[in-house]
Amino acid sequence: MPSGKRPPHAFSLAGEVRDYECDLQGIVNNAVYQNYLEHARHVFLKQSGIVFSDLAKSGTHLVIVRAELDYKAPLRSGDAFEIGLSIRKLSPVRIEFTQDIFLLPSRKLLLASRFECAAMDASGRPVFPRVLDRLFAV
Amino acid sequence: MPSGKRPPHAFSLAGEVRDYECDLQGIVNNAVYQNYLEHARHVFLKQSGIVFSDLAKSGTHLVIVRAELDYKAPLRSGDAFEIGLSIRKLSPVRIEFTQDIFLLPSRKLLLASRFECAAMDASGRPVFPRVLDRLFAV
Amino acid sequence: MPSGKRPPHAFSLAGEVRDYECDLQGIVNNAVYQNYLEHARHVFLKQSGIVFSDLAKSGTHLVIVRAELDYKAPLRSGDAFEIGLSIRKLSPVRIEFTQDIFLLPSRKLLLASRFECAAMDASGRPVFPRVLDRLFAV
Amino acid sequence: MPSGKRPPHAFSLAGEVRDYECDLQGIVNNAVYQNYLEHARHVFLKQSGIVFSDLAKSGTHLVIVRAELDYKAPLRSGDAFEIGLSIRKLSPVRIEFTQDIFLLPSRKLLLASRFECAAMDASGRPVFPRVLDRLFAV
């Protein structure tokens, strides 16, 4: 993941830590960030008119093929945060999401991540239904 | 839930606490017991030849309609436990699971629970496919 | 749990289903409702000036000793909901939370629950620090 | 992550999918693999005489600073799997875990991952207590 300045994000979503998401170290468990980031991606999709569960029912599965997460500082009970999200096309059938989590109100960067995502049909064959082009509209 | 002696269980499953299941109090989070108990029910079903996910795909949904859980003492990181399970028919379309969780090796009772369960089709209408009778075979 | 009309709630919290909370039946998993309900209780506590994690750090543990949940209809991907919460003192050292989950915008009742809660110190002895009286202020 | 042949693993742990770990796509949710992998790391630590929760209580926090996961094929309801784990020291204060998940019994590779891990004290300062050297014993 490139260090240095993070690009401005196309989309952002605010959230706050729920106590059940914290583990015995008293911090948000590593796996839970993937929950947050998935949720932010699905809200972004929905805002573009693409409902993830409908897409799955229609036979197109958006799947993560690679995830990279840099954990810089932990979220704790009571923390508020913002998830920034950017998207670009890596290939005709592959999408990249860049997602950062910032503490609020300081906007300190807590986590930087990127996800490579592919669309496939039920048999695992790559597809890229036209509806997904909406994600890249200016 | 009646206190006093618990009946001997028809089925049991051993498990152990995973650290991510513990919350900031350092004990297994209340909700996680429902994960354990669901898993034990599904393993019990499978042992009777009923695969929960296949049943769902075939259009029969087994759903919990009522849950009662008495939390007596907590599970902690590193603990091993056993889940005992009994089943009986409450009505032609309703099943009761009685499930207890014991600490190992002491067999101290940590949680007592009962679940009322109904089978329904995709439209929510009560059904009771014959395959479910296997659960009550002697 | 008494059927019929539910009392008006002292506190309410809105939320919405996240896709990772849905299971292979395409509905919110039974255990996840306990996450929602715990979160609503902790937000209610916080609004009364009681921070759950601070309370735990100070050596007072609020624990659920009994949970009853009536699942009436499922939440699904994309659903918005409201959690209503009421509280009363069952005994000098025991609290009862009554919590209902309503679908939005219809306010259809999806889940009715009650939780008995005790406060104890690190050794498991019942305590009831005065700060908890704030929860019952008019 | 280098493709090609995966090194033989120093440690392995078997597991099986629990239905509540599957999401509305009918496959194990992406975040759940991090649960599996954390659990395998903690069992490995324990086998070397290091109890993660005790280490945390003693003031040494082992934290993930970077995670890379290549999702190659999904786990589904009913699947059994094996997690292979290798460890090496990246620097005096940084550990790398390489972890792969294989489907059983075919041993098809489903997920390849690496985690960079640092040890720090409560104030976030890097430490490397001697007890951690046990992890690298031949």
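The letters A, B, C and D name the chains in turn, as written, and every chain counts its residues from 1.
The rule is simple: a residue touches a chain if its C-beta (ideal position, glycine included) is under 8 Å from a C-beta of that chain, and two chains touch if they have at least 3 such contacts.
Predicted model, so just to flag it, every value in this text is computed and none were measured.
Taking B-D and A-B together, the chain pair joined by more C-beta contacts is B-D. Look at the contact of chain C with chain D and you find the same residues on each copy: over half of the numbers used there are shared. Ranked by separation of Cα centres from chain D, the top chain is C.
Rounded to whole angstrom, the centroid-to-centroid distance between chain B and chain C, based on C-alpha atoms, equals 22 Å. Averaging Cα coordinates per chain places chain A and chain B 34 Å apart. Annotation: 29 Å between the Cα-based centres of chain B and chain D. Of all residues in chain B, those touching 2 or more other chains are 19-20, 22, 24, 26, 29, 31, 35, 38, 53, 77, listed in ascending order.
Within the complex, the chain A residues that touch chain C are 18-20, 22, 26, 35, 38-39, 42, 46, 51-53, 76-78. Chain A meets chain D in the complex at residues 24-25, 29-32, 34-35, 38, 53, 56, 61, 63-74, 124.
Interface residues of chain C, counted against chain D in their complex, comprise 19-20, 22-24, 26, 29, 31, 77.
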